[in-house]
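Note that chain A is present in both complexes that follow, paired respectively with chain B and with chain C.
Here is the complex of A and B:
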């Protein structure tokens, strides 16, 4: 197997005594679309700035194609960045902006012209070549910033919250466009975002970060379906998290877990032993509700009262207050004639088989 | 605005501009005595052109203004770029020092420069005058350019570096072009300051190098001659034009 294209090993960085990255290990492979996902301050942007060369690490090594690049200034790294604010040069035309990198490399002007027009074609804005950035819309500036980076044919393209400044519709469109473009040019993209939906829909792999530490890294589906801990579960997708305690291990990989004063046999990682505190993750779309009478115990399920029903177009969201006071969110596809449940009704809440994930409770909020 | 408000505003402007208006009017008055109004004419402007001492002083002033404005602009811009782009110990302190020189009373500056020149045995004349003018123009340039640089996105420089520009190239291709209006405004401001400085020049120039404001000063010591009105009007016009130009440069958007 070839060495990873980009490799962070034990890379640390602190500012003013605050340790932003305590020691990051990360491998990025050729042609991959990797997203660093996390709340603000989790160190994802710092990791990107270290790779671009705008900051230098306090310790550890950053390697590109096996060679350590720690001492190289940004201009000597075959890596380009698309900034959140785009950072287009306001005094230059679109054409001059895109050709900037090539001019710095002193390429022959015929080649520069050729490559700039290709780049403009690629982002489908050839007619804007002579405009100034101030005359462009946000979406156009975004694409020009992308063209300005890609025209240099970098080994890695870094995107720092690059879609955050766009409005909702445009952001959706750019997500698709970016993914298509990445496939088309076959480049390695490292994308930084705090938007979990963006991360899941575009990436080959997602690394979820918290306090400078990668909590989980893997394909979007793994992150969503089998989160490594409660933090990842809560950060990625809508979730209901219930606290529980393992009371007994069963032989088939399941364990009896006490949740809300009831015992449920759920499949749980073997590393969890009786007495251990856990968090049970229930995705809203996996919950099923059934009306029960006031005295019915709702066997094998949780019981509560419907607090609220919200129509969301595609789905119908229900808030249920459990007997313990905990509030669950359930989400079902709206099918028109399903208006039987109304606020105030008592329901039993169950779930589709195998849907709850049992996670160690080691990540308090 | 209310009527009294409008009247107040006019009052303030009258207070500010009346002396200038009087000066301007008298410069076109052909009567040799300031007190009476004779008739409109160019007499005093004509006489200015015939005064060789005055012409020499004017040329000296223009030369010093050009040189000091240009040198102060180069040094001040470099200082502002350094102060803005790099984080170093004492950054705030240096910025504060800059503001102090901006606010320092001219007479203090004049006296202290004189003491310094005497101590260093620098002969008083063109050289000492030029140094002094660069000194008091410099903070104006530095502050003007600094405030422009402070406002722009530091990502622009990073982005230039990211695209392969060295530090010097990033400054040359991105920072300086963007700061150009402020650099121009700083130059114009310096030129104006240098051209009409009396106090500092009085202390630091020598007997064989006379500048225009000092020439005017010595002319009015014997009583106000009508030529001075004409000369002052010309100077006022030039300063006004330069100040307006510099404000327009600064007002231009990025």
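Here is the complex of A and C:
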């Protein structure tokens, strides 16, 4: 098996005594679209800057195709970056911006011309070649920045929050475009974002980071459906997190878990033993509600009072205040018949079978 | 709101009047005088002639012009060479240091520049501090003549005008986006390529502004040549002063002034071109 294209091993970096990356281990494979996802300050941009060569690590090794690249300055790394602010050269035309890397590599001018026009075709902006960046819209600048990086055919393309400066509609369109483009050119993309939806929709794998440590890495579906801990669950997608304690293990891989003063048998990782504190993740779209009378116990379910109903177009969101005071968010597809539930009504809340994930309560949040 | 709008309108109305009264009219007067003839008793007589302009092409005056240009150009280059790295460092050091250094740049303005020029004169004099130092160090055996030379004039010009180069350059460097330098490095540019293709073009407006602010006064600072220069270091500024105050040849002085003004406008054109070239789009803020 060939070595991974990019490998971080025990890479650490600190600024002013603050340890941003305590020791990062990460492998990125050829042709993969990997996203580093996390809140600001989680070290994701630092990891990218270390790989680009703008910063040098305090410890550990960064390898590209098996070779350590720690001492190489950015200009000697076959890696290009699409910056958050695009960082297009304002004094150069679009054409000059895109050809900059090729000119620095002293390629023959005929080849430069050809590759620049190919790159402009690829981002579908050939008519803008002679404009200056100041005359372009945000979306156009974004695509020119992409072309300026891709034209060099880097081994790895780094995208640092590259879509976050765009408005909503344009960002959606660019997400699709970027994914299609990545498949088309077959390059390895490492994308950094704090937007979980962006991460899930574009990536082959997502690494969720917190305080410089990868919490979980895997395909978007795994991250969403089986989050490794409460932090990941909370960060990726809307979630209801309920604290609980394991009271008894059952034989079928499930365990009795005490939540909100009731016992629920839920499938729980085998590493969790009785007495351990856990967090139970309930996605809003997995919750089901039924009106119950004031004295009805609502067997095997949680009970509470509807606080608010919000029409969200595709879905109808409901806030339920449980008897303990905890507020749950439920989300149903809107089909016009659900008008029966109104604020103030008492409901029992259940869930689709096997939907709750039981997570160790290690990460404080 | 209404009042301020009214004042704005009035201001807009007054601006042309102001320009007319204090810029255009004097300029036209200079132009008119430059086309007239000198008079021994009343300064000018209404006798139209191009003689004054023809006299500018006299080899003696041509030499004054070319010497002045060369001296001002040299002073400008020296200022640029000194100020460029300084302004860069200024934009990179921490805020506390920046305040200190900027203050040091500005402090000399608190003293009249004529007094500072006399201070330089005393430093360079035959028995001045510089000679004493060189003697004490044993580098020379007898005092050397530092004063009344082109070098002394150059030194004086650089000393007086250096801040005018530093400040616009500093402002350019401060606006320089660090990420553009990273982007250039990311696109395989080494140090020299980054300097040539990114830093210099993007600080071009500062370079142009600084050169303008140094070159033009360098042509006109007659007291620097008067105090530090010898009789052979006649420069345009001193020439103009002499024509008006000593020789009392107003028409010729006017003709020479107009040529200087035309040169000034040409340089302003270069400055605007440099700004547009740098693509800052800030063509309108001078």
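Worth a mention:
Convention: the second predicted complex is superposed on the first by the 365 of 365 C-alpha atoms of A that agree within 3 Å, B and C clash if a C-alpha of one lies under 4 Å from a C-alpha of the other, contacts with A are read in each partner's own complex, and residues count from 1 in each chain.
We take it that contacts are C-beta pairs under 8 Å (C-beta built on N, C-alpha and C of every residue); 3 or more make two chains touch, one makes a residue touch a chain.
On a predicted model such as this, the values are computed, not experimentally measured, just so you know.
Overlaying the two complexes via chain A brings chain B and chain C into a clash. Look at A:101: by the touch rule set out above, it reaches both chain B and chain C. Judged by the touch definition given at the top, the superposed model places A:334 against neither chain B nor chain C. By the touch criterion stated above, A:73 is placed in contact with chain B and with chain C alike. After overlaying the two complexes on the shared chain, residue contacts for A:54 are found with chain B and with chain C alike. In the superposition on chain A, A:132 makes contact with chain C only, not with chain B. Comparing which residues of chain A touch chain B with which touch chain C, the overlap comprises 52-54, 73-75, 79-81, 83, 85, 87, 89-91, 100-101, 104-105, 134, 148-149, 152. Looking at the complex, you find that chain B touches chain A at residues 153, 155-156, 158-167, 169, 173-174, 177-178, 253-254. Contact residues on chain A toward chain B in their complex (touch as defined above): 52-54, 73-75, 79-81, 83, 85, 87, 89-91, 100-101, 104-105, 134, 148-149, 152.
Contacts from chain A toward chain C in the complex involve residues 52-54, 73-76, 79-81, 83, 85, 87-92, 100-101, 104-105, 132-134, 148-149, 152. Residue ranges on chain C touching chain A, taken from their complex, read 177, 179-180, 182-190, 193, 197-198, 201-202, 204, 277-281.
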